[in-house]
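Read through the structures below before going on.
In the two complexes below, chain A is the common chain; its partner is chain B in one and chain C in the other.
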Partner chain A sequence: MSLYRWGGFSNTKEFVGFDNFITLWNDVDFIQSFQNSILLIVVVAIFTLLIAVFFAAVLTKETIPGGNFFRVIFYVPNILSIVVIAGVFSAIYDPSSGLLNSIFGTLSLENFQQMWLGDQDIIIYSVAGALVWQAIGYYMVMYMSSMASIPPSFYEAASLEGASKWKQFTNITLPLIWNTIRTTLTFYIISTINLSFLLVKAMTGGGPDGSTEVFLSYMYDQAYGNSTYGYGMAIGVVVFIFSFALAAIVNHITKRDVLEY
Partner chain B sequence: MSKSNGPRTEVLFKLFIYVALITLAIFIIVPVGWVFLASIKENAEFYGSPWAMPVGFHFENFIEAFNEAQMGEYLLNSIVVTVFALLILLVVALPAAYVLSRFKFRGNGFINSFVKAGLFINVSYIAVPIFLMLLDWNTVMNTIFGEGLLLNNRLVLAFIYAATALPFTIFLLSSYFETLPSDFEEAASIDGAGYYRTMFSVMLPMAIPSIVIVILFNFLLFWNEYILALTLMPGENQTLPVGLLNLMAAERSAVNYGPMYAGMVIVMLPTLILYIFVQKRLTQGMTVGGLKG
Partner chain C sequence: MNVKKLLFALSVLFLTIGLVACSDSKSSEGKETNEETNEETNEETNEETNEEGNEEEGTTLHVAALESAYGADMWEKIADSYETTNENVKIELTIKKNLEEVIRPNMQAGEYPDVVLLATGRPEALTETLMKENGLENITDIFDQKVSGEDSTVNEKILDGFTDTLATNPYADGETYLAPMFYSPTGLFYNAGLFEEKGWDVPKTWDEMWELGDKASEEGIALFTYPTTGYFDTFIGSMLYALGGPDFFNSAMTYEDGIWESDKSTEVFETIEKLASYTEKNTVANANPNDFTKNQQLVLDNKALFMPNGNWVVDEMKEAPRADNFEWGMTSIPAFEDGGDRYAFTFFEQIWVPSAAENKVDAKDFITYMYSDEASSIFLEAGAVQPIEGITDQLDGQKQIFYGIYDDEDVLPAMGTFASTEPVAGVNMGDTLYGTIGSVISGKITIEEWRASVEEASDKLREAMN
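The block that comes next holds the complex of A and B.
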């Protein structure tokens, strides 16, 4: 379908070869959405990875009263509808009566008060914040299950030899869960592309002025809103290939020998 | 943080961990709890500090959401779609997964990899093509029967939901069936049970743990899904998330926040209640095969 020029009103399909892709190459809006998506993938993956691995390590290795309670709470955002998350974060980011700005207000840090969803430079990070918020619990549970299968004798041996907690983490935990982390990197790419679209669609609608437009929201707008189906599908094809290529590259770069235990 | 630093760093480390854990917990509990509180606030209260506790229980918000915003109707639609989608999914996926994991036949490997390839297809990519396909078929039906039934149809939506969830479900179920020892089937066939009997009376009861996980995951998926519902139901019969989306847009422009948060509570509450009951199973089940679309 991506090879046709296909308008919604005329309902005629015309074979145009790769014309759609050539238009796409020069489309400033698409490049903007491309940049936004890359930024989101990188930011969300890094922050979610760090936070999730940290909390997974803490909850599996330390004996904490109420650890189960924290695990249950951390997973809650994952079961909420993305529409609800969009609503919650609209309330948090609201400029006048939002939770975030009023916290800064009471701490008399007025400089930090922002138009979280109005400023073109900030809004993409606001979206990233919401995505990280909803992703932490899911990945944390994944890392926890992978860490739980590491035999405790490794840690006993390490602590007998006087290795600190940090040493134990970098030399035992990280190498042994490396494979899980690699798998989740692919998940980050796929799910960020997908969820950022759903969230942006529900929260900002791509605005203001295209500053939160991401891959698929642009595709959806072109195909469904603008009724230029052929062009929309061309975007879809490009995004699909891109996400595959990115996943393959990341997979290749992070390749290490799988350690058995 | 080496051992020679003594117990002092140990205490500090513990403290740090607690602060971090509690901070994240607050980050999650406060916004969700805040929505619950906001849903019983009166409209005037939204002009004050967002941290003020609600003055009284203002349940009119819920009544308004149900009556004026038709949330009740959307709730019913959501239930219908979710239940039918789960039924269709189980009826198709259970036998398919069983057969794919147990029987060797021509094309077995091809179908298996075909299902696995389906895991990579994302609903967001195919929402618009599905819409176009249904639109085309609708025009055909229009010329034959005089009316098109495929758009704005709850059953069609349920069918498509089930179809989009099939690859993941078959993948998860068949990997579970593979772990079951085949001795049971041999015993059943010695006792004279046919293929159907073996499947229904022997294998399915044994697969119940994984079936429960499948139902849970797909319930959350179908209940929360909105992009297909938005695309395929441009007219009536909208589901709850789409209804909420409309409500949010309408109430924000009308500066009438109460019903909006009431609507959010209506969407959230079923999943939260379910989660509280089954949270152990859900977080364990994720390790069986975790992939979120």
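The block that comes next holds the complex of A and C.
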């Protein structure tokens, strides 16, 4: 279908070869949406990974009061519908009565007050913030389960040898959960591509002026809103190849010898 | 080994049972539905024969309409009353809020409705897609036909000007493909109570507008806000009309070369640039599908004076809290010079027949029925106003203020939209002309860049005109 000029209804299909892909190559709006998507994937993956691993390590290794309560709290965002998340975050980011600006206001940090959803330089990070918030719980549970299966004797031996908590983490925990992390990296790519579309549709509508358009929302706009179904399908092909290739690359460069215990 | 074999055999057994069960239930379901439909049709035919004796078997007319603020009930009533006058026609209604999602798959499978009420300018752009693919039936002839069940022709009943716009004649060739249905005037909405309290006059020119803006900002009120940039379609349209009348507007809508670089268009861009400095500061942050009501709330709270909108906003904000002396007011887009023409854009929904429809003759007759006294009073009861002669006299209260906007001597109606072209990949005039305003207001790009990109999009679309 990506090789046709087609509006979506079968009677007027015209074969145009690779024209759609050539147009795509020169389409500034597509390039912008592509950049936004890559930025989101990178930012969301890095931040979710760091935060989720940190909390997973704290919750499995340390006994803190109310540990189970925190597990629930962290997991709750994950069961919320993305539209609810959009509602919650547009309340948080509200310029005049929003949580974020109010907190900065009470702390007399007026310089930090921003138009979180109005400033085109910031808004993509606001979207990333919402995505990270909803993703942490899910990945945290994954990391926790793989950390829980590490035999405690390793840590006992390490602490007898005088290894610090940080040393234990980098030399025991991290290598032993490496395989789980690798798997989740692929999940980050897939889920960010999907969820960013839903969130952008519900929260910002791709605006202001396309500054939060991601490639799936751009594909949707072109396939339906602009009646260029074939062109939308061409975008779909590019997105598929891109996510497939990215996942393969990430998988390849994170390859290590699997440690057994 | 034995256990493994047993397990294997068991799993195969379960799988088979599962498959059989599934297929079985499906076919029996299918049978049931068949039976049901048979029963239904039998009943219907029985009823019909009972009522009319030896009437030949009637046609079924599939009518699909968007369920908007007016509700679905009025369509049921319309179907009933049409069926009573045309006894051999059975109406099957599809009234949905997400009409596109319901009828698109059917249409792709070749099952087209006979009559569709769905306006242009919707995010899914189904109507535009059919326009661009030449999938609409030419209905120019119905306007000379008699209204179903009445003696006058459709043309005699429809208000002047509604059937010679680009919104009804998308290819700009004088042929009509879409009939105008419910209309609503759009313009700048404001709090009439506040203007009375402060003793301000509603500005008639842009100069008066800026003066008022300065006065208001001393009191901490912003001059302008907008729900989302999409609302600029009627705003810019009215400005184009005010600058050069219908001719200028139409040449812009048919992508005439250099039109956006002309001096007149430059005034549009410059006015919006100036308006940017008078725009409420949170507007851009809230101009998205989730928060646009916050921008509309600004007017209710006396934090902003004007917003471009349509009269549906009254219902949309019905439950919202508001300032004490709040009262909706509506005015046209200001003129560019003293005593110049002012325009208020009229937005209307369209009804059309897909060219792949089965019962085109009946479909066209059904459309003429839409303009009958009987139908229009049913619609009016639900709050939907059609462009029919004398209808404004039947309105009451607030509605009359909005629909009576053209009674003001120098306010003229403006109508139309961009001419339909073949689909052009990656070029969307709406996004380029209106969407970019977000960036203009936040100062991200200059109006020169904006103008250049609009002209570029216009150039590309001109080549694709049908």
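Quick note on the criterion: the second predicted complex is superposed on the first by the 257 of 261 C-alpha atoms of A that agree within 3 Å, B and C clash if a C-alpha of one lies under 4 Å from a C-alpha of the other, contacts with A are read in each partner's own complex, and residues count from 1 in each chain.
Heads up, the rule we're going with is that a residue touches a chain if its C-beta (ideal position, glycine included) is under 8 Å from a C-beta of that chain, and two chains touch if they have at least 3 such contacts.
Bear in mind that the values here come from a model prediction, so they are computed numbers and not experimental data.
Enquirer: Is this a clash or a fit when chain B and chain C both end up on chain A?
Expert: Here chain B and chain C cannot both sit on chain A without a clash.
Enquirer: Is A:F34 in contact with chain B, with chain C, with both, or with neither (first, second, both, neither)?
Expert: So A:F34 meets neither chain B nor chain C here.
Enquirer: Of the two partners chain B and chain C, indicate the one touching more residues belonging to chain A.
Expert: Chain A has more residues touched by B than by the other partner.
Enquirer: Go through the superposed model and pick first if A:M142 touches only chain B, second if only chain C, both, or neither.
Expert: A:M142 sits against chain B, while chain C stays out of touch.
Enquirer: Now for A:I190: first (chain B), second (chain C), both, or neither, which partner does it touch?
Expert: A:I190: touches chain B, not chain C.
Enquirer: Touching A:G87, do we find chain B (first), chain C (second), both, or neither?
Expert: In the superposition, A:G87 touches chain B and chain C alike.
Enquirer: Have a look at where A:Y224 lands relative to chain B and chain C in the superposition and call it first, second, both or neither.
Expert: both
Enquirer: Considering only the touch criterion stated at the top, classify A:G162 as touching first (chain B), second (chain C), both, or neither.
Expert: first
Enquirer: Which of the two partners, first being chain B and second being chain C, lies in contact with A:Y75: first, second, both, or neither?
Expert: first
Enquirer: So, does A:A202 touch the first partner chain B, the second partner chain C, both, or neither?
Expert: both
Enquirer: After fitting the two complexes on their shared chain A, where does chain C collide with chain B, if the options are 21-29, 93-101 or 255-263?
Expert: None of the options clash except 93-101.
Enquirer: Hey, what residues of chain A end up touching chain B and chain C alike?
Expert: The overlap between the chain B and chain C interfaces on chain A comprises residues 86-87, 90, 94, 201-202, 224.
Enquirer: Touching chain C in the complex: which residues of chain A?
Expert: Interface residues on the chain A side: 5, 7-12, 20, 23-24, 27, 29-30, 86-87, 90, 93-96, 115-120, 201-205, 207-211, 221-222, 224-228, 230-231.
Enquirer: Spell out the part of chain B that touches chain A in their complex, as residue ranges.
Expert: Those residues of chain B that touch chain A are 1-3, 13-14, 17-18, 20-21, 24-25, 27-32, 34-35, 38, 46-51, 120, 122-125, 127-129, 131-132, 220, 223-224, 226-227, 231, 241, 244-245, 248, 260-261, 264, 267-268, 271-272, 275, 279, 282-284, 286-287, 290-293.
Enquirer: Which of the residues in chain A end up touching chain B in this complex?
Expert: Interface residues on chain A, with respect to chain B: 1, 51, 54-55, 58, 62, 64, 70-77, 79-84, 86-92, 94, 97-99, 102, 133, 136-138, 141-142, 145, 162, 164-166, 187, 190-191, 193-194, 197-198, 201-202, 216, 219-220, 223-224, 229, 232-233, 236, 239-240, 244.
Enquirer: Quick one: which bits of chain C touch chain A in the complex? Just the residue numbers, please.
Expert: Of all residues in chain C, those touching chain A are 104, 107-108, 110, 123-126, 128-130, 132-135, 228-229, 281-291, 294, 356, 423-428, 431, 435-439, 442, 444.
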